[in-house]
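Two complexes are shown next, each including chain A; its partner changes from chain B in the first to chain C in the second.
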Partner chain A sequence: MTEEKKTATTELEENEAPAVHEPKPLKEPIVRIVKREDMKFAQRIAVRLTGIVLALLVSAIVIYAITKYNPITVYETMISGAFGTRTRIWSTVKEMLMLTCIAVGLAPAFRMRFWNIGAEGQVLVGGIVTAGCMIYLKDLPSPVLFAVMFCASMLAGALWAFLPALFKAKWNTNETLFTLMMNYVAIQLTSFAVAKWENPFGSNTVGVINQNTRAGWFPTVLGTQYFLNVVLVLLLTVFMFVYLRYTKHGYEIAVVGESENTARYAGINVGAVIIRTLLLSGAVCGLAGCIAVSGASHTISTSTAGGRGFTAIIVAWLAKFNTFTMLLISLLLAFLDSGAGEIASKCKLNDYASQMIIGIILFFILGSEFFINYRLIFRKSGKEAA
Partner chain B sequence: MKKKLVSMLMATVMTASLAACGETPAPAGNTPAQTENGGTATAASDVKVGVILVGDENEGYTYAHIDGIKKAAANVGISEDNILWKYSVPEDESCYEAAVDLVDQGCKAVFSNSYGHQSFMQQAAGEYADVQFVAMTGDTAAMSGLSNFSNAFTSVYESRYVSGVVAGMKVAELVDNGALTDANYDADGNVLIGYVGAYPYAEVVSGYTAFFLGVQSVYQNVSMEVTYTNSWFDIAAEGEAANALMADGCVIIGQHADSTGAPAAIQAANAQGKPVYSVGYNVDMLNVAPDAALTSATNNWSVYYTDAFTALVNGEKIPTDWAKGYSADAVAITALGSAAAEGTQAKVDETIAAIKDGSLHVFSTDSFTVGGAKIDSHKVDMNGDFDNEDEEDKEAIWDGYFHESELRAAPSFDLRIDGIKELTAE
Partner chain C sequence: MAETAIALKHVTKTFGSVVANDDVTMEIRKGEILSLLGENGSGKTTLMNMLSGIYYPDGGEIFVDGNKVTIRDPKDAYELGIGMVHQHFKLVDVFTAAENLVIGIDSHKKLNRKEIAESMRWICEKYGFRMDPEKKVYDMSVSEKQTLEIIKVLYRGARILILDEPTAVLTPQETEKLFAVIRNMKEDGKTVIIITHKLHEVLSVSDRVAILRKGAYIDTIETAKADESILTEMMVGEKVELNIERPEVKDKKKRLTIQNLTCYNAEGVKVLDDVSFNVYGGEILGIAGVSGNGQKELLEAIAGLQSAAPEAQIDYFLPDAEEKIPLLGKTPRQIRDLGVHLSFVPEDRLGMGLVGTMGMAENMMLKDYRSGKSFFVGKKHPKELAEKIREELGVVTPGISTPVRRLSGGNVQKVLVGREIAENPTVLMTAYAVRGLDINTSYTIYHLLNEQKMKGVAVIYVGEDLDVLMELCDRILVLCGGKVNGILDGRTAKKEEVGLRMTKLQNDSAPKKKTAKKSEEGAAK
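Moving on to the complex of A and B:
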């Protein structure tokens, strides 16, 4: 589902401007879709709010039609599921930070129009390496262990992104397919690592790593075990915002993204920019893997990434590469996810029913982006006679 | 940009505080009342229980748990509204989060029903000393050093043995009727049977060995092939595994995996006239395999949950290692299918009676050999390092049989006995 949405957005983006400014056609189509860039901030907010209200209405109808539950109760359950207790708030925040971190990693690649679909794999290899450090280097002093884990996971993620980047830069291969396939390699590697480290033998799970010593676990600070997650992700968010917007690198990325030829004309070494940007993108995703393992799950399995690498693509796109907006979008998605789980549990609805609600809400949110970027022009009825 | 950041923070804080108003927080000092002599009883209807399930009611193993919990709650007088369910919780950190969330909602005890949940349950148990945690089918409670962490499992090997007896009767009948062809025998003239297992470790090994010995108790000359699917629930893989086993010539397919994949595949082959029959697990398979299902080995979880809930309501500790079988009616086999051989019911009743009165021991050392030799000593891992070479590890064979599930609740019989071949073991 995630990928389809992504592709849809991509196409919209690529069908940009030129095609639509035709000089008076012989017969006007009933509806024309025209790119718009003039919408005011307040208008955008209004469109989005309308989208959300419509989404809630439609899901309310669906909920009632299927389950006969009062939709308001169901929405209340969602909110309490995501924010009802301190633990739930932190759990939602943790999920939000995970998505943000990966989306921040994707931002520079997407900004350059390099379709990095490989975040899932980059997160996983980062996670494998982190788990490996926790298992084999557990006797190192904490600060050293953390330094090793951070560096190793970033290197692993960077390597995973470097390969497709190199091929793109040197031979102009299709990066979408290449990064996508790298995911499957990473998933197999994860299964291999799980089989190697499984505990107990034959159970096919690694279990909680260093359960008693807590070596390599993010420490509990200010009463929360997710303190370091917050700090790291916020730092990355600020860094990436500045990097993309105010540095020479960021400018080069934007130029390459707009047009490789222009970039070449301006004397930018396109290949070098692609490789450099993907190293950064992969490193941040690898670090996200480290945060997932060391800062949250303390185990490794294929669900360590659990599709977040794909969901983060939606986040990055909806946020238009603004890393602060990513925090908000991630919060929304994390909220929907925790909320849906609670509906399943409280209202005795099946998981799938709550997934439907998420689907409806996402559909409307993506839909409202369409109306923000494009204008529908209907054929005037007067002209019809002509 | 600064303005945006501030407004964003505001929004987050507002949402959080809004939510806080929405729900009445649990009272802060919510520790259970306890006295020196074992604790005080709480009104049963006030006790909240949390349940973490690996699947939902559409999956046989989990359905059996849900059913058992509901019956037990009714027995003990716990209101159904006070049972909080978490469905489809994967065997990863989501289990820890689910457990903590249940504690937040005031649960006095949290149960999880899959092996892979165990280490996450233990993590939660270490952090919430006043709540009891039970990892069903787990094996680390006794040595975890935590007084609020327990394991439990039925002695399902007993009902697997009995289901093996049912299969053995069928094999004998097929041989007598001349229904088998050469393809159904191995090179040594043994009738081939098969088994679809989930994972290659003690829980599964113990189960298929008990099944095999049950078959052999009726019809000695059989050999068994075991394939693993590496999943507890995978309809397609279990169906494929059954097809592969049938292609090898196996006439009875047992299973230790939770879906109806194997019985459905066997029913399809049976309908084409092949002499193949299924012995299921957890639930009656007659509706998916009306002509091919002989019976299923099942657990009656309500027996355990009733014991556990009673302890909880009385303010006592839930038993650290609980394992009961036919003696407490905690295990059973489902109604025999029409394909079962004549006289099976009588043989089954006889076997169950022998297990109950202690005259029959499933893992009697007289009934199996390893590497051609009789075994008189085998230690069980007791300290959780998954070998059996330490001082803490205990001898499980005495009085002429392997004492399954007596030293710890989880199955521990992991000997690979003669006559059984694991096809996909790594």
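Moving on to the complex of A and C:
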């Protein structure tokens, strides 16, 4: 061995060779996370309920600490805000149906792992087209007008989803950015439509369309003007559930979502499935726009979608793409929303305070999913320390 | 009696409901080469990962040099002088060899490239490696990357080296080189633990063999006192017949001809170069080659999943007619619709052959869910088929609707092979059909392939274990650099020759008419 190499050796040993004979007093990590797959159905429910109870407790503490109000009163106000009167119940239900409808529209795309975050835009263009029909075709017989409205809004939504789908299928572009940007185009289009249909002049709003004739408004059935909303959304919910679970199309969507390679191996035309699925997804979102305009607000503005296109993403995910669960989640979110609005005005709470409560509750609901999938192991205290 | 380097006492590790290591108590002696032998899923890697700080044991104690230690992360392991080379390399592609050595070392010293390179050269010389410190990782072959991983572990001062299935990616020649290095390390007083399931390697390189079965420690025996059948019995827990049958080819019928097949991958690199051969019904055609030499593209081209250069031709001959059907340019669906029963067990089982989140039943209909006019999928037939396969092949699963990705590797493969065979194929292509499977399952698969062969099916078997290829296949086609580098008779071929052809192009295999073209290409470069 040459002199130089010897130096290298000693250096190596000095630098690298650790003092192995005096191991540091290392301790077991305080907490470790372990995956679990064995949780029973009842346990899952129990974890979720615990989550909600904890959320209410923490919110109560926060409410009391900040406002000195009695938390029970605040919760009562929330409930009465959402379900206190017939009008309030319907308003909450209307909101829930909107969220469900959009989430149902997102379900096939998400099932295929196509991140359609353009529901906001798809709803808006559906709404614009519906408003246009109501304004220009108000003299048509009612059934024809409705048929035209439904078809046109679905076409518009489908077109809005078709463009990103085509680019994804042909050139594998990123659908997240594309669908997101399509939202802004839709918002600008809405501004244009509002300017064009302004009524009364100078108000910078469209106002209530066909206030006197009620042409193109969903009819009042069984004493409620939201009858058609309920029927349409429930039909869509059932249809989408069956479509995703029991049809050949649904099977193809699941395979493409899991792995494009597997899909190609199985002889599935991946591009065609992407485009077909997004046409459906966009169409349902477009129809949601129609429901929002013709079945609820009877007007169009840039806030017609009002962020529901994004909230629906949360709904779809929390429901794990099960359309019936979406009804429940939507109800929860709609309840929180109207309840929060109520406490903001009734208890003279700042709007942000009520948003905080919503945040706390959502946080605990999401948190319980973590405890359903993972287990924590804590260091056995004292035993090793000695 | 040799000193003890590492002692494990009652070490237990569980993942959810799966017990990966159950009360393992064993010793590793200083300066020995210890083989850790066991079937897949027997907990070898998990056990070693606890020594190298990847996992933390749920119970039990670890002693290094007689001291009780707690290994929380790889850094702790290095401080104790334990280093592990994982099966999947952990290198940064765009860095040089020397740079990769020092990543992650927590030191406030200035980075001295010259010093690093010097130490690296010194390690190489001492143990007989060959490695240029300035070479980038993306320019390295698999075997070079592995070498670098070993140097990295040595550079960090490991006295105890753990190698996880190091030979899985190497040719026989490279394996020999690696073993020479391992012996050098032993000379130098290092302790080496090799995780493997290849028996002949165990016998040729190690001093002692420790055997794990289903997470439990069985025993450690001196290699000198062991032979293949003893080890297998300890590993499996019962006597296993270690001979692969190779029934005589009865009635060879031409089933596929592949002519002038040239393919390019997504990056435009030529992966198959003018490949031509025939496939016959009633024989098993083995395809040997270092992984990534065009095997994947070859099978996918036949299956209709890979496009090819225009002069290529793949023709299929119907069993009872002279008529031939060109396959190239058709999609898998079109090929099916023509009545060609082509079954394909791809390398990526869960990423291509099966849908991991779906159960057995739903996976059964992957290829024929379209049958029937109904808008809805028929679920009755797939369920029956799934039950049948579960019973006949002994698939261990909680139920036919349990997602298949939750099954063990062997069971996943049984599901896939079962489905492909259930289609009554005339051509059955398999890529690395026994990779990662335990001995019993592997022999089940060999048996199934032989059954198909006897039925007159043309079987294509892409494999990596040369011993198996030599025992199972009637003919062996060697791929090297995307070229056919000889087609040998499986009954007479020598292992060394196949190994050589895998790594070095032979003159006799290059088609003569193409020589002129090749030299043109060379000039163009």
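Simple rule for what comes next: the second predicted complex is superposed on the first by the 336 of 386 C-alpha atoms of A that agree within 3 Å, B and C clash if a C-alpha of one lies under 4 Å from a C-alpha of the other, contacts with A are read in each partner's own complex, and residues count from 1 in each chain.
Simple rule for what comes next: a residue touches a chain if its C-beta (ideal position, glycine included) is under 8 Å from a C-beta of that chain, and two chains touch if they have at least 3 such contacts.
Owing to the predicted nature of the structure, the values given are computational and were not obtained by experimental measurement.
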| item | value |
| --- | --- |
| Contacts of A:83 with chain B and chain C, given as first, second, both or neither | first |
| Touching partner for A:254 - first (chain B), second (chain C), both, neither | second |
| Partner chain in contact with A:360 - chain B first, chain C second, else both or neither | neither |
| Which superposed partner A:264 touches (first chain B, second chain C, both, neither) | second |
| Chain B versus chain C as contact partner of A:324, first or second or both or neither | first |
| First (chain B), second (chain C), both or neither touched by A:301 | first |
| First, second, both or neither for A:195, with chain B first and chain C second | first |
| First, second, both or neither for A:134, with chain B first and chain C second | neither |
| Contact residues of chain A, present in both the chain B and the chain C interface | none |
| Complex contact set, residues of chain A against chain B | 76, 79-80, 82-89, 91, 195, 199-205, 207-208, 211, 296-299, 301, 303-304, 324, 327-328, 331, 344-345, 348, 350-351 |
| List of chain B residues in touch with chain A within their complex | 1, 4-5, 8, 11-12, 15-16, 18-20, 22-23, 25-26, 56, 84-88, 90-94, 96-97, 100-101, 104-105, 115-116, 118-120, 122-123, 139, 199-202, 204, 230, 384, 386, 426 |
| Residues of chain A that touch chain C when the two form their complex | 5, 8-9, 11-13, 15-18, 20-21, 23-24, 26-29, 32, 34-38, 246-252, 254-255, 258-259, 261-262, 264-269, 377, 384 |
| Residues of chain C defined as touching chain A within the complex | 15-17, 56, 58, 64-65, 67-72, 76, 78-81, 115, 118-119, 122, 125, 155-157, 159, 303, 305, 331-333, 336, 344, 346, 348, 350-358, 362, 365-367, 369-370, 374-377, 406 |
